[in-house]
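One chain, chain A, appears in both complexes that follow, with chain B as partner in the first and chain C in the second.
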Partner chain A sequence: MSLGEKLMSIPKWVLYLILIVVASVPLFIKIPVPNTPLEPAIDLYGTLMNIPEGSTVLIASDWTKSTRGESNGHFDALMKILMRKKIKACIYSSGDPQAPQVARDAIGVLNMERKAKGLPPYQRWNDWITVGYFPNAEACANAIANNVRVAFGGKTDYTPEGTSRDVFQSPVLKDIRKVSDFKLMMVITASKTSNITIERVYGKGVDLAMMVTGVMGPESLPYYSSGQLKGLAVGLKGVYDLEQMLESGITPGMSAKWGTVPGFPGDSNIGNGTRYYPTLHFCLTLLILAVIVGNVGMALSRKKAA
Partner chain B sequence: MSQLFLQAQPQLNFWNGLNGTTGLWIKILIGLALGVGLIFALMSAPTQTRRPIVAFVTFISGLFYVLYFFFPRPIDRQPGELPLDFVESVSFYIDDAFGVVTDFTAILSGLLLGLGIYSLLHVHVKRIIKAHQNWFFSVVLLVSMFMMTIVGYWDWITRRGEAGASLDDPANWSAINYTKDLMFDGLLQAMDAAMFSIIAFYILSAAYRAFRVRSVEATILLATALIVILSLMGAVEFLWNGMIDGMTGKDPGSVVNNLKLTEISKWLRDTVQGAAIRGIDFGVGIGALAMGLRLWLSLERGTGGGN
Partner chain C sequence: MDNYTKFKLALGVVATIGLYTVLYRENRFYRFVEHVFLGLASGWALVTLWTETLKEKWWDRMVGVASANGDPGIPGYWAFILLLPIGLMGYFVFSRKHNWLSRIPIGIILGLWSGQQIQVWFNRYGPQMRDSMKPIFPTTTDSIFVPMPPVAPDGASPDQLANVAAETARISANVYPTEALTNLVYVFTLLAVLSYFLFSFEIKGKFLRGMTTSGRWLLMIGFGAIFGSTVMMRFTLLIDRMYFIWIEFLKQGILGG
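Showing the complex of A and B:
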């Protein structure tokens, strides 16, 4: 067997073993990676940081743990900003029936972090509410755009005293009459709900921003380029961008549009982005190497055959 | 009819009820029984009778959304405001009906979950009874489904009422809350993540075996992908852009800045990828419109019309 043929016939199990090692090793070593946040992520951070304290944002939480590396990082970064800036959140899901529970669990973890630091919890009912899962994303987005009071009508959540009450009696939604009363509508998704939301809700007077997985990134970028999205975080790189800005903010020279926007230096800003970004580097390097090895093998084999 | 739609708005009336009350449960059960009865009645009806009914309902359902999107909408409508003319009457009517139609859509989608469970039970119970090959996996599937349902509802019940608020803190959890957490977060979600992570192995294998420079098009694709991949790697980007900065002396006006990895990938994303995605979306949109029309007018085979 020639070298070319050998390079073209590496057994699958060898490739898989290398991938396991390459993906696992960086998780145990702290590797600082330099990074320049991308413009869509800078715009997202700037938009979030400019929301006035006490106002309410609407969050479509359409992710589960299948995309935890990216979506959980997005969600955590978003919630950290909302919690620290005392912004209220109304959460709904239309992409996956598991999503509301996953969002509640993620907020629970963040609240435990706050408790450990002696900070008051981000309290359900007073600071955030969940209106649950809607089984048809198109109909749900249409309903929200048409009349949010009807869309979430009849939904209840629990007060800190354990009483079930209409969500529109909560401090989160009491001043909300229509979708444009939300200061921002945020979609965190690993699916087509991002496109559906833009198609149905854009133009109804509420600013839209999104946090999507790497797979959904290319589909979402045209909406950012057209100005329909105020900000966009894509994939793990988007998580790392946000975590970096949570730590150091938008610094002079990063964005002419935003100038300087403060961060939260020294706070617990590290999350999935910082933890997994070195792994992404190693895996992408392996991917490039695999393509090179395969092509070199093919070239050598062709040369020999000729 | 308008009164019926107004009644279906969130205020308490005959058509709804307070969350968790017996009255609401009875209404849900009656509605469910009527819905299931209607489905079975339609299923048992002769095809010649069923087809026009399905086609008529499909047309009316579609017509509502066509009118919703194309008919003039009421602007700044105030509560209790009366329509001035026929056009405004229709627009008010559509506006009032929208919430009801949306609820119907959500309920129908919810029924599909029930249909899925029925189908799952039908297939797997049959496999177990007839002892088909690998019938044991069907047992595992059904046991897992019922366990998750029972534990999930049990946990949900404990979280209702005054004690529920304290359960946001895991320190106050009882055995059932831990069991549900183990099953949902510890098993289901972990397996979900594991299933998704398997894609990494396929991607690597495919990149090694299939991503070959066999033509000019493939070479362009490979080069473009390489640039985008490298732009996602902060360390590479830092080194490359640093090198360009070294060449230009950090002069922001230098044309060489266009060779920065971030600039090239931005150009690729905004100009090439964005245009391609828009083109694809446009094509998909036209296809969906054509398909939608065929479905709406029951021209598609197997949708109540067609041959």
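Showing the complex of A and C:
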């Protein structure tokens, strides 16, 4: 067997084993990766940081554990900003029945972090509510755009005392009459609910922003460049950008639009982005090497055959 | 970490490994884990549909809810019962004799959906078409690159703030050479890709043929970028599972690190 044939016939299990090792070992080592946040993520951070304290944002949390690697990082970064800036959040889901519970659990983890640091929790009912799952994304977005009081009418959530009450009695939604009363509508998604939201809610007087998975990134970028979105975070790079800005803010020279926006230095800003980003570089290097090895093997095999 | 949490994490690890065994080959362990997941997801969806949707949005509105805990009550409205037979008609799709009945709810849904499409289409693509009209000639050569606007110092006077605002407005009103070049690349890509889809007539002209070929190449580059982004996401999901197994379960759970 020639070298070319040997390179072309590396057993599948060997490749998987190498991949698992490469995707695991760097997780144990802290490797700083230099980074320049992208403009869509800078705009997202700037938009979030300019929301006045006490106002309410609407969050479409359409992710589950299946995209935890990316979406959980997006959600955590978003909620950290909202919690620290004392911004209220109304959460709904139309992408997956598991999504509302996943969002509740993620907030629970962040609240445990706050509790450990002696900070007050981001309290359900007073600071955030969830209006639950809506099985048809098109109808849901349409209803929200037309009349948010009807869309969320009849929905209940729990007070700190454990009583189930109408969501419009909560401090989060008491001043909300129409969708434009929300300071921002944020979509965190791993599916096409981003497109559906743009189609139905854009132009209704509320600013839109998105946090999408790497797969959704390329199709979401035109929305950002056309001004339909005020900000966009894509995939793990988006998470890493946000975590970096959570630590150091938007510094002079980074953005002509925002100038300087403060971060939260020294706070618990590290999340999935910082944890996974170096490992991703190792995996991508492996992929590039595998492509080179495969092509060299094929070239050598052809040369021998000729 | 308590034993119950460790047990839950261990189950998660077993399920993760079980699902990854399909990479070796199709096997019973994989099938078992897959079916457990499907069963759990279906059961969860069924309960959620009732508790978070049907009960609050349909049942409570039909039978009414009494005022309690300071909340206003919801008066019952009998007409909501009419939604039930309309919805159930959908199940006649399984009957050969009466499957025409299933077309009624499907028709209603299709009608509602189709009626929205003009607005939906324009909401989605209108701003993108408007944004495609980009200036391709520079309006100033003061600077090759777009200059950074000045930043007002802390405690700036109103005059200083006004100067900063005026300078920022002047910068954003101009088209700088690098900006124009970027716009030119954008507009060329747009026209080249659009010309690639001219299938209605034979393309004979050298210029148009060049444009369609460029369009095909640019599309390929775009597809490559999309594929690269997809691969990065798949890697991230794998890394997350490895983090769950090695760090969350083994290091923090079992070893207490």
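Here is the rule we go by: the second predicted complex is superposed on the first by the 306 of 306 C-alpha atoms of A that agree within 3 Å, B and C clash if a C-alpha of one lies under 4 Å from a C-alpha of the other, contacts with A are read in each partner's own complex, and residues count from 1 in each chain.
Rule of thumb we're sticking to: a contact is a pair of C-beta atoms (placed from the backbone, for glycine too) under 8 Å apart; a residue touches a chain by one contact, two chains touch by 3 or more.
Predicted model only: the values in this text are computed from it and were never measured.
Undergrad: Since both structures carry chain A, what do chain B and chain C do when superposed there: clash or fit?
TA: Clash.
Undergrad: Quick one: is A:Arg68 in contact with chain B, with chain C, with both, or with neither? Answer first, second, both or neither.
TA: Both partners, chain B and chain C.
Undergrad: A:Ser225 contacts which: chain B (first), chain C (second), both, neither?
TA: Both chain B and chain C are touched by A:Ser225.
Undergrad: Contact-wise, after the overlay, does A:Leu19 reach chain B, chain C, both or neither (first, second, both, neither)?
TA: both
Undergrad: Per the contact definition in the header, classify A:Ile288: touching chain B only (first), chain C only (second), both, or neither.
TA: first
Undergrad: Quick one: is A:Leu280 in contact with chain B, with chain C, with both, or with neither? Answer first, second, both or neither.
TA: both
Undergrad: A:Arg200 in the overlay: touching chain B, chain C, both, or neither? Say first, second, both or neither.
TA: second
Undergrad: Would you sort A:Thr260 into first (chain B), second (chain C), both or neither based on which partner it touches?
TA: second
Undergrad: Examine A:Val150 and indicate which partner it touches, taking first as chain B and second as chain C; both and neither are also allowed.
TA: In the superposed model, A:Val150 contacts chain B only, not chain C.
Undergrad: In the superposed model, identify the part of chain C that clashes with chain B, out of 76-84, 148-156 or 166-174.
TA: Given the superposition on chain A, chain C and chain B clash at 76-84.
Undergrad: Once the complexes are superposed, what residues of chain A are shared between the chain B interface and the chain C interface?
TA: 12, 16, 19, 23, 66-68, 97-98, 134-135, 138, 142, 154-156, 163, 218-219, 222, 225, 235, 237, 280, 283-284, 287
Undergrad: So in the complex, which bits of chain A are touching chain C?
TA: Where chain A meets chain C, its residues are 12-13, 16, 19-20, 23-24, 27-28, 66-70, 97-98, 100, 132-135, 138, 142, 154-156, 163, 165-166, 169, 195, 198-200, 202-203, 213-215, 217-219, 222-223, 225-228, 234-237, 252-253, 256, 259-260, 272, 275-276, 279-280, 283-284, 287.
Undergrad: Going by the contact rule at the top, pick out the chain B residues touching chain A in the complex.
TA: That would be residues 9-10, 16, 19-20, 95, 98-99, 102, 105-106, 108-110, 112-113, 159-166, 168-170, 184-185, 188-190, 192-193, 195-196, 200-201, 203-205, 207-209, 211-213, 222, 226, 229-230, 232-235, 237-238, 241, 262, 266, 269-270, 273-274, 277-278, 281 of chain B.
Undergrad: Write out the stretch or stretches of chain C touching chain A in their complex.
TA: Going by the criterion above, the answer is residues 23-24, 41, 44-45, 48-49, 51-53, 56-57, 60-61, 65, 69-72, 74, 113, 116, 120-121, 123-124, 127-128, 130-131, 146, 148-149, 151-152, 168, 171, 222, 225-226, 229-233, 235-243, 246-247.
Undergrad: Please give the residue numbers of chain A that touch chain B in the complex, ascending.
TA: Residues 10, 12, 15-16, 19, 23, 33-36, 38-39, 64-68, 97-98, 101-102, 105, 108, 111-112, 115, 121, 124, 134-136, 138-140, 142-143, 146-147, 149-151, 153-156, 158-164, 218-219, 221-222, 225, 235, 237, 240, 277, 280-281, 283-288, 290-291, 293-295, 298 of chain A touch chain B in their complex.
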